[in-house]
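Each of the next two complexes has chain A plus one more chain, namely chain B in the first and chain C in the second.
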Partner chain A sequence: MRLLNRTAGRLSRHRRGPLAGLAVLLLGLLISGSLYTAFAPAQAQSQASETEKIAQGKELFLASCAFCHGKNGEGIPTVRPGYQIGPPLVGTGAAAVDFQVGTGRMPMAAPGQQAPRKAVAFSDDEVDALAAYVASLGPGPAIPNESDYSIEGLSEEERQEAISRGGQIFLTNCTACHNFNGAGGAMPRGGYAPTLHGVEGKYIYEALLTGPQQMPTFSNGNLSPDEKRDVIAYLGSLEDAPEVAGFTLGGYGPVGEGLFVWVLGIGGLVGAAVWIASHTTRTTKSKVES
Partner chain B sequence: MSVDTSKVATSNRTNAATASKPGPAGSLATWADDRLGLATAMKKNLRKVFPDHWSFMLGEIALWSFVVLLLTGVFLTLWFNPSMGHITYEGSYDQLRGIGMSESMASTVHISFDVRGGLLMRQMHHWAAAIFIASMMVHLLRVAFTGAYRKPRELNWVIGCVLLLLGTLEGFTGYSLPDDLLSGTGVRAADGFLKATPVVGAYMSFFLFGGEFPGESIIPRLYIIHVLLIPGILLALIAAHMLLLVYHKHTQWPGPGRTEQNVVGFPMLPVYAAKAGGFFFMVFGVIALMGGLMSINPVWKFGPYDPTKVTAGSQPDWYMGWPDGLLRIIPSHWESVIFGYTISWNVMLPILIVPPLMLVVLILLPFLEGWITGDKRDHHLLQRPRNAPTRTAVMVALMTFYGLAWAAGGNDIIAIKLHLSINQITYFMRVAIFLGPVLAFWITRRWCISLQRHDNEKLLHGYETGIITRSPEGQYSERHLPISATSAYTLTARDRDEVLALPSETDSAGVTAPNSRSERLRARLSSWMYSNNVQKPTRAELEEAHHHAEHEAELQAGLDHPADGHQFDDHRLRDADDVPLRDH
Partner chain C sequence: MSNDNSSIEPTSGGGDSHLPERVEADPIADPGLPPHKWRPTDVDPKAERRAERQIAAMFIGAMVMAVLFVVSYFTFSVGDSWDTIGGLGASTVTLGVTLGLTLLLIGTAIIHLARKLMADAEMVEMRHPAASPQEDRDATVAALNAGLDESGIGRRPLVRNTMFGAIGVGLGLPSVVLLRDLAPGDQLDISKLAKTIWAPGMRLVRDVVGTPILASEIEVGDLINGAPEAMFPTEENGYPELHGAQEQIDKAKGAIIIVRMDPDDITPLKGREKWTVDGIICYSKICTHVGCPISLYERTTHHVLCPCHQSTFDLADHAKVIFGPAARPLPQLPIAVDEEGYLVAQSDFTEPIGASYWEREKQ
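Then we have the complex of A and B:
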């Protein structure tokens, strides 16, 4: 206690010192300054460094993308007309880059029918830089804001309407390839519509906007931004809702169900028949004795 | 020997015994018997003997799953509304609220979310239906592979095939009732199949749908077919199927004491009543578990049917999968135009021609076999599949055809799960559907014949003991010991196959013999079916072999027990008896 009292006494003595006011002022400035740096919107800084970002993006592009897409994103045609090693990226916009690189589809590990989703090769900043570079090549769709694909700001009733409207839009436009459950489906020659389970709303929005790979583009004239948001809301509601019916067995429909009928249903019941037939009335004396 | 009768009657050994007063159950039985005459009927049937084998219980799975179907189906009818009237869904499933749909769809979603136990009942009904048809097919395979369809059971085989067809139709009509996106796509496909029929196709479609597809009649019509017409016929045919089973008596595997005249097994009461009753609860239990734990046909995710929508993975239930598979692999340009009318071979062949043809082939199998063999005897002893190599091979070839077509029906799911190209699966299937059955036939027949050879080896030279002996010259050989009399009897309890001689085309006077063409065909088929089979050894061959074996045994005396590895040291087990070789 003595020690504490002494410390407190010493502090209060300094508080009345001649330089105290200046020290407090400096301290206040230091704290507010560092807080501002930490929490300030990045805009001021990023605007300043937009050109820097594009330059960084170009370096990354030259290292990782130019082999197929060309040194200026102009695409590289093959000898076969109509086919390209990599398509031109002028005008694909930041949204396309954010989708392709942000989900790990680009850069491709190997040429093939389809670029599969895999581990992301770049940091978020690097993806931004690449997006900024490709966006600088020509005008194209920008990366959507969260308010574009989220129903957070809506009232409960509006959300409900958005979800059921989104469900109908989904069934009309998406299930033909992605399946009723968003579990994915087959496309010609080894291609496939990937699963939508666990895909972030931002990427679904970008995919609708840019039409990656075999997917058609759903422009804003085709599906308005609100309708895109509703589809994402519907898919989110499917994921949030409990599976009331039990295990979905992959959600592929009757093929998966048929597999379980034969393996589990018939397999189990034939097993039961074998078990019943092997536990029978004792017929031989030796078994009774043993 | 004295029997204690004090529990049922009293006697002092001089007067006639008087029955003691019956207990409550006995009184009830007497009461019922006096009024219904049950004793006469029960006396025989409660003592009815059934043979014991797991494969004889496969048909029971179908029977019990049918009972589950009746129970759950009645539950569903209490809430289901088979109407195509248009309403707006206002139930408790959020994602569909406010969406317009037919009343049948709305009531299905209502049963799933707002009726207590409704979803469980729906899912049990659907799983039970799938298991019902699957177990009928497994049962059919057992009957075919063991030759149980031979005389006198041909007609019961026909009834079984019709049950399979009706079960499939019943399944399809039930699957279509909710009027959801998936089943609506199926009904649309069925409409296309009808319309592919030359000349009358469009008329048939308009007749079924009461006008242009989809109309407003199809759901009520399918409903009455599903809950009244087909179940009624199914019940009647199941009753006939089982009455014939009782009348014919059950087939049994050959073995000592089992003949064509008797049935060796256990009586209905108490053994089979308990076993069959227990099996019912197991079937019920498995279906209830599947219905409770595993999602099937989530119509709320499909949404209401709308001809402008479709979902990837649009497949019928598994039993309709194989015609769908044929449809998926047939080249789509197979059409011909005659007098301005299109004949759609690409739809007719896989849907309207091949499946009915397969059913006809299936129905005809016992009759074809009977005609080729000319065998008019009753058969109550089963054949092992290896002892009818051609029949077994034909069934395996049919199964291979079915299985490949079936797999083709799931080509899109196979493509995405196994990372294959759907096109290449299709090309593969187009070849495999022809080549696969032929290969399967050939492999199965050779396999059966070599198993027959193996059986003969066991009969003539005994079984392989696993004891390797080294002769003084350094030659190694495996010791064989004779199989038991029971095994030998069972292996030899089969007929020798008779191959018909090819009749001459003309009689001795040079006149063409009547029916000679069909008789020659019959003889050729007979030779194709039986000439490669291995027949069981004759008595002379067996005696010769046994004589030889005895001679061998003398040479190797003292080696009739397994070596314990201590022949040359002093660590033999002192107090254990010599372990005899296992009875084989």
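Then we have the complex of A and C:
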């Protein structure tokens, strides 16, 4: 308390200084000026550049995506009915592009059952341009705002409620594939549901909206935006929570734990048994009778 | 020790004619035991004292760990606010490590003691025949026969048979009847197995949150884990409150999955053409193999997979089994929309949900 008072006192002493008025004036000018440059021209510019963005996105699309998804994003089927080299992108929206390209899943390195998360191939601006182009092909879910998937604006009590409700929704809807603590799991024919640990809230929200790869969608008519936000809050709380029971071994459940026990646990016991039964050091000296 | 083994008596009553004849002495002389080699601790007093100190240090270490166990038991807080060490629960880790080391150090010290300091000399123990001496065996058989003879069971078959009967019926019958009573009376009525809480006009709601589902808001590719509205009674919907076992039973049996796919993808079974709403199709969530809840759904293939035994159902084709041990398709819930546009059930399931049972086909 005393420390606080002293600091406040020091501040007010400076406030009375001869240069204080000038400093406040300069600061005010700086803030209003930067606010103006941040907002006013930006709007005009963004409207003007929307078509440019789409044009830039189309260029990128033709170079990097059209081989599988078709020159107009119409998709390319294979001769087997129901199978495709790349699915049509009309109506998948900006959210799908931001998820797939923003997490590095697209462009795929090779065709296969799984599109794994990897290093992102495009800059943020290029991802935006691609998203704008694909969104222009047909109406689809837009990239969510931070307020959609963040619980920052809520009170402490509301946050706790959101986390516990999100936990229930997660356990009902998501654990079948993503495991009880979101560590992911195996899927049919060599695919897998990826881990949700360390995945940004925006990408989880986009995945729920768009259903990447095999995942079913959780549109706003299925899980309301608030329910999606709660699920993301629950997943965030899992990352903060301590592992009270010790090592989780990746959280994969019986498979990982069984492997650990059978290999290291039983292996250690066998090693100990071998050590107990092994010969002790012997010497060539004979005992001196005393 | 002597080098010949002629002192070992052959076992009595040896009529083993298939064995080769016994030879009096081994053709190769038994070389006996090699000369004993001493351990360093046996011949060097310094090594002996060092081993002593090592063993004592391990025992002291075990005591220290036991004290630390008690200290950490009282030091670290658990419950709502766990103390942590490197992201792990401090209490669990320290209790485990200290108690584990206590036991490990005691064990290691004892083994070290046995290997370094305990007497170390080769011993020879001669085997003896595994069977009891012949006179003991004869005496036992005689005693048994005498007992049988005195009880007269052998001579009185009526007594013997009724005794066995009384043991079988007297112990077996009551336990069978009592086991039957372990099932509560009202559940012996197996016709209940064929029914769930679903009823005509009951709304389909989202599980956990209990909100009704507007058919127009569901998009192609959506998967909804659903429940009957009666599981979420409010004053508005007027369903009675459910309690205890009945609530759990209704909840387990009423669980559903709702998916929407392109209507052209669906191949309806004959008579089920009107059971869907514009590509929205609803099935029991309970696997028909042994009743695990399933919702591992692949949007692109319309397959739903049971995590327990990998039974796979094709939801686009009346949920027929395409892989795994399940014998029957998932029961389909006929659905419609009410005047407000919410999804409702047309009726209960038309067949028993979940795992098979003996009387299933008769119902």
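Following the convention adopted for this analysis, the second predicted complex is superposed on the first by the 233 of 290 C-alpha atoms of A that agree within 3 Å, B and C clash if a C-alpha of one lies under 4 Å from a C-alpha of the other, contacts with A are read in each partner's own complex, and residues count from 1 in each chain.
Basically, a residue touches a chain if its C-beta (ideal position, glycine included) is under 8 Å from a C-beta of that chain, and two chains touch if they have at least 3 such contacts.
Just so it is clear, the structure is predicted and the values come from calculations on it, not from any experiment.
J.: First (chain B), second (chain C), both or neither: which does A:F218 touch?
T.: In the superposition, A:F218 touches chain C alone.
J.: Which of the two partners, first being chain B and second being chain C, lies in contact with A:A245: first, second, both, or neither?
T.: The answer is both, since A:A245 touches chain B and chain C.
J.: Once the shared chain is lined up, is A:S123 touching chain B (first), chain C (second), both, or neither of them?
T.: The answer is neither, since A:S123 touches no partner chain.
J.: Classify the contacts of A:I169 with the two partner chains as first (chain B alone), second (chain C alone), both, or neither.
T.: So A:I169 only meets chain C here.
J.: Just to be sure I read the superposition right, which of the two partners does A:G253 touch: chain B = first, chain C = second, or both, or neither?
T.: first
J.: Could you look at A:L264 and tell me whether it touches chain B, chain C, both or neither (first, second, both, neither)?
T.: The answer is first: A:L264 touches chain B but not chain C.
J.: Once the structures are superposed on A, label A:S155 by its partner contacts, choosing first (chain B), second (chain C), both or neither.
T.: So A:S155 meets neither chain B nor chain C here.
J.: Is there a shared patch on chain A that both chain B and chain C touch, and which residues make it up?
T.: 168, 172, 176-177, 187-188, 243-247, 276, 280-281
J.: In the complex formed with chain C, which residues of chain A make contact?
T.: By the definition above, chain A touches chain C via 165, 168-169, 172-173, 176-177, 187-188, 211, 213-224, 227, 242-247, 276, 280-288.
J.: What residues on chain B touch chain A, complex-wise?
T.: Residues 52-58, 60-61, 94-99, 112-113, 119, 123, 127, 130-131, 134-135, 138, 181-182, 266, 271, 275, 278-279, 282-283, 286-287, 290, 292-298, 301-303, 306, 308-318, 321, 409-413, 415-416, 419-424 of chain B touch chain A in their complex.
J.: Can you check the complex and tell me which residues of chain A touch chain B?
T.: 113, 160-161, 163-164, 167-168, 171-172, 175-181, 183-190, 192-193, 234, 237-238, 241, 243-249, 252-258, 260-262, 264-266, 268-270, 272-274, 276-278, 280-281
J.: If you look only at chain C, which of its residues touch chain A in the complex?
T.: Touch list, chain C to chain A: 37-40, 42-44, 78, 82, 84, 87-89, 91-93, 96, 111, 115-116, 206-209, 211, 213-214, 216-219, 221-225, 259, 294-301, 303, 305, 307, 312.
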